[in-house]
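Next come two complexes built around subunit A: one with subunit B, the other with subunit C.
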Partner chain A sequence: MKRRWTLYDPRLAWMLVAPVLLLLIFFLVLPIAVMAAYTFFTFVTAGVETSALTTANWHEFFTDSYYSGFLLKTLRVGAITALLCGVLGYFPAYFIWATTFRHKWLLLLLLIVPFWISFTIRTFSWINILGEQGVINVALLKMGVINEPLPMLYNEGAVILGMLHFLLPYMILNVYVSLESIDRTLISAARSMGCTSAQAFREVTLPLSLPGLAAGLLLCFVLAAGSYVTPQLLGAGRDALFGNLIYDTIMGELNWPMGATLSIVLFLVLGFFAAVYTRYMGMSQIVKGLGG
Partner chain B sequence: MKAARRKQEGRWAWRLTGFVTVCVYIFMFAPIAATVILSFNASMFGGFPMTGFSLQWYGKLMANEAVLAAFRTSLWIALVTAVVTTAIGVTTAFALVRFDFRGKQALSTLVILPALVPETILGVGLLVLIKAVDQPRTMLLLVLGHILLAVPYVVLIAQARMIGIRRVYEEAALSLGASRLSSFREITLPLLIPAVAGGALLAFTISFDNTSASLFWRPAGVETMPTQILSMLKISISPEINALGTVMILVTVGIPLVGGLILQSLTKLRRRGEPKEETQ
Partner chain C sequence: MKLTTTKRLERLHDRYANGDLSRRTFLTLTAAAAASAGLSMPWMGRALAAVQEVRFDGWGGTVQDAIDKYAFQPYTAKTKIKVVQGTFGDEDEIITKIKTAKPGDYQVIHSSGVNYYIKYVNAGLTSEINEANIPNMANVLQPMIEPFRKLTPKLSAVPYDYGTTGIAYNTKVISPEEAKEKGAALLLDKKYAGKVGGYSDMTTRVWYAALATGQDPNNIKDMDTIWAKVRETRDLAKKFWSSGAELMDLLSKGEIVVTDAWSGRVAALQDQGHPIGYLDPAGSYAWMEDMLILKGSPMAECEELINFMLDPATSIAVAEGQSYPPSLDPNKVKLTDKIEKLPAFDKTGTMTSLTFADPTYWATNEDAWTKQWNRISKGA
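Entry: the complex of A and B
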């Protein structure tokens, strides 16, 4: 006999989540599982591999310093970018939170606008600033400060700058959300007990905003370390990051087993950082920062 | 004396904060402004100095078949993505907020993963999967991929709104004899409208902007707007690209801004005479 449907029947819930669940299974879980299996496949020649199991890909990854060098560089660039984002992003977040400016919404809107502008466009627009015919070089040449255009593009600095540009709004919004949730009476309380504003900031505001800062750091680190477009457009070949290595291995060399191995490595390494973070901070802050 | 000095320090700290804030905002918008300005440059080269005002690059853009085709492709993909993602995302958020079922926690974590896993990994994963089952890359695959990338944001936005809607409204409708579907349609959905619209707009822009994953997933010979820009950039930056960038900025910033304004005036009209909404 069929069970009667209750008001909040779990069966109905499953029907409601079914499309998203199927999508997640077939486009997220299954691909990563198959990719994990692919890391043990044998590479024959470009575009061809057999399902004869081998550990050759992993062996190559662990023994060839080419790969570990790439990984370390990617993590270093990601960490530098995240830290710079943290330092530079905290000020605007604090300013927007603390300001008595009437049109605060405008400052917040301006932070969201970059999310609407194509990421590719935001990235290549730096060529107009840093390039040989960019604002800086043309201005400096005109003023006679330099005789030759400065080579500011196509290096690691430009890559970090470009990533900073696209990650700062994430950081500012994360810190802002966390500042917004602070009970402001706590700060008044600290002040009335004799704290200076600097002490109140150090003892109350800063510690209470750390969850947002941590969520922002994780998000910026993961997104920077996984980026592909920015190093492609603003870096030279040797400034490529792990994402570019994966792309070239698959789309260029057509070495699918190795490409899968590299993807799984990046997935595991970034997943490790995310897991350490959630172990201590939980998921809720990330959820808030992403728009929840 | 000491107190006065401290006050002074506080003021300087606040000024520094303001100064850094202004710098960060300039940093975020200066390159975009430079691109927009350069798109009107009469010069042959995509760079400064400005040699005169001209709209020729926009004209050239309008005559560029490859660009127009890519634009149409991206527009269609983004529209389908926005509609489908909103539909399935909102029902998922509804289930996650209203219902209790086993695995709910796991699902709400799983659903944000596409936003956290780097696109390169998602891109390669899906390609490896379809290679394993020997399927070609199709438009459908690309669209479903975009939906996957947009789902977390739509679910999160709808969930945040859903939590604020009291379930007694729906239950009142049900107890008065409405069916589940009509209670959702008549009560819940209208209250969710801001989240639905916001989610749809975001899904649209996510799809329209997507670059890295699209490079992996697009069928052979198909270019979306961002991949088209990327392949044009391989040659060099030209005024035409600046013009294209400006058009894209107008589209992707204009649509949400106008949409948001319309929505705001609609809710204002609606709010009149209605009691203030309470939260759970």
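Entry: the complex of A and C
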């Protein structure tokens, strides 16, 4: 006799999970698996590879300091960007949370307004701001503050600035969500126990908002380290990141096996950081910050 | 599009008249066409009429604007076939997309001549054109067709235009006399450090390094000195551009004052009134572009499109619009004064005054040199 369905039947659970599971398998696991397999293929010439298995691509990656140098540089730029996002993003998030402004929704709306404009156009706009004939240089030249235009474009600073512009809203939203979950009576309690405003912030608000800050840092770090368009548009060749190496290997050299190897490396490295974060903090904070 | 039955029969007759078909084959196909016209079912008509559009991918910007305005729009008006367009900044980018797409997704590519033709051939992406369907090919310069035919006797591409990558300079900063005197050495002039640009492309960089070191770009003897020169230019450069739009932006905004540049894009800047001069130094890098039909494309429709594009009136209008000379033989087709004044125009029709890259030589070294250039461009 067939077993009847019950409310918490495992079969029902599997049926409910199955669509998501299939999506994950087809759109995440399978592409990564194919990419991983490609790392062992043999490059013949531009645009041509064979399925003869080889470890040459991995050997090249591990023995050529060019790749490890770029990986470290990418992690450094990603870390600097994330830290700057943390410092610059905390204050607006705190302000939005603490304000008694009746239309707080308007402030939150302002945060997401930049997303209505194409990311590439937003990045391009910096050329008109930082360029030799950009707003800043023209204004300073006309005021007589400088005699020569300042070299603000096509360097690492411009790349980090471009990424800050793109990533700051993610940080602010994460911190804001974290602040919103704080029970305000705790702050009142701290104040009634004799804490000054600064002490209440340091002892109560800041520690309780750290999960949001950490989630924002991880998100900004991963997105910055995986960035490709911003260094391409706002940086010179030397300011390329690991993503640009992958692009050039796949699109410029048409060397898919090596490009796949570099992609898997970046995936593993960034995945490692995400795994460490998940181990200690959990992913729920990021999901909340992204509006989940 | 729909190729009407009449049109198909006319083409069949042309091929028979040209000797491409035997009398027996001609009669068999004509009978089959007649039978299908008489016995066809409604669904057969729909199936035959399936091709309503052709996919084209090109370089975007002023070049593609001209092709669209003077070739595609009139073509669509005439045939009702829509030309769906895409753009790319670097041809390797579109090759990657083609490789990941199914045959037929991409159809006609505005490709960068023989150097890239080899890549399509190696990757098995080429088709076989029936030249009888492109009668306007008779006007195309034979010296432009021959290099393609050496690689594949049955062509997959038809040459369409050509140009040079010469030296562009800001005339407010560099005088024409100075430019003429220094030529390609302008790219290595320390006086302009931080104001130099260049195309982010291995062939262009190695070519100009070869000129700077007095070597033949098609037979380089000392690669170490070449890479040293490439590094020298890199250290003086503000930015290596990767698309025509970026080149125009950098020059027009004064971010760079000297760069190697595509002749047509410079002509477009000059038309817009920017103070940009251009010169082709001795041995300047000449290149040609072609319309390449990919494997899996609707051949008859693509051939018809290319034939339309090669029609002298269309080709001349496009050439004037994009500022690159057409592939039409000036000994066979009367070209306009405007075209004859374009940079790189070869009035003899022999192309001997232009230095093209030897496709076999460059294909042999392409992989290693591209890899090395990618590293140098990133500071290695």
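In this text, the second predicted complex is superposed on the first by the 268 of 292 C-alpha atoms of A that agree within 3 Å, B and C clash if a C-alpha of one lies under 4 Å from a C-alpha of the other, contacts with A are read in each partner's own complex, and residues count from 1 in each chain.
The criterion applied here is as follows: contacts are C-beta pairs under 8 Å (C-beta built on N, C-alpha and C of every residue); 3 or more make two chains touch, one makes a residue touch a chain.
Nothing here was measured: the structure is a model prediction, and the numbers come from that model.
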Clash or fit (per the criteria above) of subunit B with subunit C on subunit A: clash
Subunit B versus subunit C as contact partner of A:I250, first or second or both or neither: both
Partner chain in contact with A:T42 - subunit B first, subunit C second, else both or neither: neither
Touched partner set for A:G237, first subunit B, second subunit C, both or neither: second
Which superposed partner A:E132 touches (first subunit B, second subunit C, both, neither): both
Which superposed partner A:F95 touches (first subunit B, second subunit C, both, neither): first
Which superposed partner A:Y66 touches (first subunit B, second subunit C, both, neither): second
Subunit C versus subunit B, contacts on subunit A by residue: B
Touching partner for A:T54 - first (subunit B), second (subunit C), both, neither: neither
On subunit A, positions contacted by subunit B and by subunit C: 127, 131-133, 232, 250-251
Residues of subunit A defined as touching subunit B within the complex: 7-10, 12-14, 16-17, 19-21, 23-24, 27-32, 34-35, 38, 88-89, 91-92, 94-96, 98, 107, 110, 113-122, 124-129, 131-135, 138-139, 142, 164-165, 168-169, 172, 196-198, 219, 222-223, 225-229, 232-233, 243, 246-247, 250-251, 256, 259-260, 263, 266-267, 270, 274, 283, 286-287, 290-292
Residues of subunit A defined as touching subunit C within the complex: 45-48, 66, 70, 127, 131-133, 151, 153-154, 232, 236-238, 240, 244-245, 248-255
Contact set on subunit B toward subunit A in their complex: 6, 9-10, 13-14, 16-18, 20-21, 24-25, 27-32, 34-35, 38, 45-49, 88-89, 91-92, 94-96, 98-102, 104, 107, 109-122, 124-129, 131-132, 144-145, 147-148, 151-153, 155-157, 159-160, 171, 174, 180, 202, 205, 208-209, 211-212, 215-216, 225-226, 229-230, 233, 237, 241-242, 245, 248-249, 252-253, 256
Sites on subunit C touched by subunit A in the complex: 90, 92-93, 95-96, 99, 119, 122-123, 194, 200, 234, 237-240, 242, 249, 253-255, 366-367, 370-371, 374-375, 377-380
